[in-house]
Amino acid sequence: MEYIASIVLISVGAALINNFVLHYFVGICPFVGVSRRVEMAFGMGCAVTFVISIAAFLSWTFTYFVTRPGAPVTSWIWGMVNPGSEAVVDLSILNYIIYIFVIASSVQFVEMYLRKFFPALFKAFGIFLPLITTNCAILFGCLEIMKHITGASSPAEMWGLDKALVFAVSGGIGFAIAITMMAGIREELDLCDVPKPLEGAGITLLVAGIMAMAFMGFTGVDRGLEALLLK
Amino acid sequence: MTKDQSGNLLGQAWLVLCLSLAFGAALAGVEIGLGPKIAENKRNETFGQIPSLVPGAASETSTEAVMDGMAVFEARAEDGSQVGWVVPAGGQGFADRIEILVGLDLPAERITGIYVLAQKETPGLGDFITDEERFRHWYRNQSTDPPLEVIKTEPQPGTGKIMALTGATISSDAVTDIVNRSVAEFKVTLAGSPAASGGA
Amino acid sequence: MRTTTTHAAKLTFPRGIHPPEHKELAETRSIEVIATPKKVAVPLLQHLGAPCEAVVKTRDMVEAGAVLGSSDAFISAPVHSPIAGKVIKAGVCTLPNGRHVPTVPVKADGDQLEGDAVWDAVFGGDWPTSGLDAHTPEAIVQAVRDAGIVGMGGAAFPTHVKLTRNDAKPIDTLMINGCECEPYLTADDRLMREASAAIIAGAILAARAAGAERVMIGIEANKPEALEAMTSAAAGTGVEVVKVKTKYPQGGEKQLIMATLGRVVPTGGLPLDIGVVVSNVATSAAIAGAVLRGRPLTHRVLTVTGKGIAEPKNLLVPIGISYGEIVDACGGLTPDAVRVVAGGPMMGFSIGNLETPITKGSSGVLVLTRPEVDRAPETNCVRCGRCVDACPLNLVPTKIALASRHGDWELAKKYHALACMECGCCAHQCPASIPLVQLIRVGKAALSV
Amino acid sequence: MAEQTPTPAETPKPTIEVAPSPHLSNTHLTTRRMMLDVIIALVPVLIMAVWVFTWYAVLQVGLCVLSCMAAEYLLACRLRGRPSSLGDLSAAVTGVILGLSLPWSAPWYVAVIASFAAIGLGKVVFGGVGMNIFNPAMVGRAFVMISFSVVLGSGAYVMTGGLEVVSQATPLTAGKMEAAVIELWPLFVGNVNGSLGETSAIACLLGGIFLLVRRTASWEIPVSLIATVVVLAAGAQLAGVYPNLTVAHHLLGGSLLFGAFFIATDPVSSPMTVKGKFIFGAGTGAAIMVIRLFSGYPEGVMFAVLLMNGLVPLINNWTVPVPFGGPVPERK
Amino acid sequence: MPSKGPTATERFINGIIPENPLYRNLLGLCPALAVTNGMKPALTMAGATAFVLICANVITSLLRNVLKPHLRILVFTLTIATFVTIADRFLQAFMYDMSKILGPYVPLIIVNCMIISRCEVCASKQSVGVAFSDAVGVSLGFCLGLASIATVREILGSGTWLELRVLPEAWPNWGIMVLPPGAFLTLGLLLGGWNWYNARREAKAS
């Protein structure tokens, strides 16, 4: 039960309460740029969810096994080179560079894979993939996972692959929810009489502000659910 | 762009390699130069609070310890003698996780103070839990048994009661909860390791 | 082949509206025959389909009932002269629906039938309701075609086309439409009271032509006299008279079929697709006249009504007479008249030129005054959904209108703009006075090019 | 496009105009009339508010109405140069509902800022009446609720001295925090603490039924909303979340009825089709219960309505009704 | 090697207001929302971004003639990621509290497309001097953008500016301004104001 509670806590938190767009302000560019049509927005949401999961898997693996202080692979190699050394090797300075290349190559890989094996899917959201390389939502996902590996106050609190993936997928879903809602609203706004200076990005940001207010209603829901599940 | 220069694939590869080496060197330099300072900052974040959490303790002499899987700090006076404990703890607050440090006297019978390391409560409301004057002072000199209780009216200091922040009962509850839980856990740990309780 | 969805016949249809009926203005007036005019101008296109070519020349003398124009096309109907006289120089008129159509004007010359004689010739006398088997389907269709009969319920579709049998789409029911759901209008009501036998005879003949086993006459509950007259005329003939609930637009063929048979006409399809032919009561009477008396369609009954007319009446008028003459025959316009409508208030077209001639499809002349047509100034749509609640076709009128306004044809299509039948329920209900039907028409036009 | 008609010489010649069909309209239905209906329906609620909170209620609601009208005039008419829209009374309705959703103790600047946020952010930026995506009153309330949480949080309701009822906690807060069992009858009548308009269930019911009968509000939304809350509250009661709050408490306490009848039914920010309205009502009810049961807030109507408002365009998108007779066939 | 395109001065001036990265080009929106609840984090962020942008622009310009196009993006990314790491470590070493407040938004500079776009548009085509002044101009523009948002948010939300009290103590802080919705609302309204002002100026000019 405790395990389920922790998973629920992470997923509700990432998808709704601390929504990537509305709380952490990451992925604002696609949120503003690709939210004109519902189908496009939904495609973008799916693409982000997909890529963020793969990037989360890869970055967790690298961080956990290679770059964190005392990571097994690095320690083992260090041990081979310097037998008997007690030093804890910390490669976390390389994290950012590794993440950005992990993201770029997973986008490339996903693109190739889809094109080859799922042409229909590729057609549906392949066009969004290149846009995602420079999307900060993905990098943000990697950074949060890093925080919960290298920044954990005790080894027990360190995120395993399961939690990292739950976080990434939920974050992606939260992004998809927000961008699809926004696209629905913007389609409607095309038929409204929005003041000229606010057209486009201005009204999108204002609507995002109201959506952020609405999403604040979820504050603490994770805590409530956890309490219910632990009872 | 000059074609003849960039046409050479091998040259390009070398270039990228050299660049990577240069960047690598720069990063290594930064790490060597700044690494110790950053490590010190991180240590200070917790150790720096110890003097204010446990009367008579100094941050330089205090040490980290792992007791029964629980990471704690042994608060020590200038002369190295142990004067109390600092227990790190965390839990869900109103908005996000709250991380705090709880200072205890040597037998873990009294709370000597708390400090909030990290929180994302609402500014102007829940985030007053970080404030000594408004909130944290209620924890000073409270007995660790029975558990602390949050009430809405002003209590006598040191009577096991904590006064909730106006409009932020949830945050106040959360902190008190975290304190109660971590103290209870620590007392069990302490009781189970007589060697450690010997201190000094 | 489409499948037919059948529900229980509930004698009504979903949604729709209840506008004030104002039938009291004219429903007590029995049909009068208008004095033969000095001149008629018979339009060469009064129906849906191919226009007629004139077959007479200027200065030709014509008998009453003589063919003035015809066409070889299948979907077309010839036009005849309602009076005896001399053809004068061809003209052009603008029909209420906006089409510019050539006319054949005939100046009265020689003996004319007047008053009761016209009535007797067109609707009077006896109409056999049995022994009609002598007429073969082919003969009936031919007579209907020769008489130039087109739908008199509004759409003016050539009736012989509907009656021609088609083995791929057999007909089981002939539905005679006596609903007259438009407010104010009472012509069909009076016709059913005064010429019930002709209607029944025409219905039986039409059913025979189309091969329908079942004949039904749908009449709204607000016309008890017509119901009674039709019921007694139908006694013993096998024709079923069905009292349907009063609600606009009960007379729409999809709504009538739903109410009486519980069948759903597919969008974009015809009643024919589900084995039904729908004809108006006046059409039915005209069929009887054509087959049994060899009379071409030269006269029709229409209602002249509204608060803007001095003396509301139901008139039997020759086709080709001008709206102005009809208005004059009813005492002229009152000083506060502001709008003259050809047809009913919900779907009729307002006309600006009273010289316009009456056609076979004209069901009424409605003259409205300021308080009747006034509405609050248009404001923004408040998305109240009243138009959605009113639309008998289950559309979202406000969205289609908004899409039209912004030229977003994709959106108009997504909301099924082309399904709209322009009945006007939505615009009637709209608290923001949005000209929904007008906007939807724009969308439909853009989508159907 | 007027034309002289050839009438006989002796009658005066009326001017004939041409206009598209239909030529009749239901003149009893106007936007202004709908808004007036809402105000009439709110009269019982207002009376109860004055009975319970005395002149605090009058001041609060009056200030909100005045500020909303002023905001509408300044922002829509002066700044945007639109023709005056004060006459349709929609700004007044926003003001009344906003005022009734505030606690009696909220300081004057809260009412003024909330009104300007409601009309400015909630309405004018979208293009004015009928165009807004979110419920303006709730936008305004959320704005001040988040800004001034100290004077609007659950603490704001409880004051010692002054009025008698307001020394108790609001019913939902009490049910969550304290061990006491809350009596139902006062919740029904209204002499309990809470926002001005929410205390009396009977007043909300009366006004709500008037709106439904007049068809100014569609019944689908309150019915599905309340049904969802009943089901979820029963589930919560069985699961033992907050044993002091039974289904009846969830129904009568807090602003559920006020929200179900007056707020969720705002036509502009709710779906248009029947199916859409059911989805909207059920979604709002579910969100209310999630927020009430699990979040840090005692009540969830405002957040739930705003959340579902944001989903309305998508709901409309998914519930485009199939025309009678099926979709229009594709042309070959 | 003469480079085509605007001169150094033009680049510098353009970057500040006429081609303001934030208001005109809508680049770097994420940090503009995330770190502007106070002037201090906003200015720190602007400084870190300026450091990375200037370094990346200079290096890109130096390498502009020796790189094939398809390697260019790779090298840009590598360069930017390296300098961001350096900036991050500096903050952690010398402004530890601020680096905790800025959190992930410093590493997120890597994907700030304002930087990539300057590298693409200017530095990969023009000389080092131009690239440098472009970077400085754009950085100033970005700084102005962040500062404008932060000014509104901090004054309304906390009654202070750069943590100095500017409004009376009695001012009720608009809590929403320092929370996420306030960021969106402030930027949305400022953007509307910017567009309105520009439209009016253009209308007057013509």
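Odds and ends about this structure:
We just call them A, B, C, D and E in the order they show up, numbering each chain from 1.
Simple rule for what comes next: contacts are C-beta pairs under 8 Å (C-beta built on N, C-alpha and C of every residue); 3 or more make two chains touch, one makes a residue touch a chain.
The structure presented is a predicted model; accordingly, all values stated were derived computationally and were not measured.
For the pair chain A and chain D, chains touching both partners: B, C, E.
For chain E, the chain with the farthest CA centroid is C. Farthest chain from chain B, judged by C-alpha centroids: C.
Put simply, the chain nearest the middle, going by average C-alpha positions, is D.
Spacing of chain A relative to chain E, judged by their CA centroids, is 23 angstrom. Chain B and chain D have Cα centroids separated by 46 Å. Chain D and chain E have Cα centroids lying 41 Å from one another. Centroids built from CA atoms put chain C at 86 Å from chain B. Within chain B, contacts with two or more other chains are made by residues 27, 30-31, 94-95, 122, 124-125, 170. For chain C, the set of residues touching two or more other chains reads 380. The residues of chain E that reach two or more other chains are 78, 82, 85, 89, 173, 175-176, 179, 181, 185, listed in rising order. Contact annotation for chain pairs lists A-B, A-C, A-D, A-E, B-D, B-E, C-D, D-E, with touch applied as defined. Residues of chain D that touch chain C in their complex: 1-3, 5-8, 11-12, 14-27, 29-34, 85, 88, 90, 127-131, 215, 218, 267-270, 272-274, 277, 316, 320-329.
Within the complex formed with chain D, the chain B residues making contact are 94-95, 122, 124-125, 166-167, 169-170. Put simply, chain E touches chain B in their complex at residues 37, 63-68, 71, 74-75, 78-79, 82, 85-86, 89-90, 92-94, 96, 100, 157-158, 173, 175, 178-179. Chain contact summary for the complex, chain D toward chain A: residues 80, 121-122, 124-128, 131, 133-134, 139, 142-143, 146, 239-241, 287, 290-291, 293-297, 300, 302-304, 306-307, 309-314, 316-317.
Chain B meets chain A in the complex at residues 27, 30-31, 69-71, 88, 90, 92-96, 99, 170.
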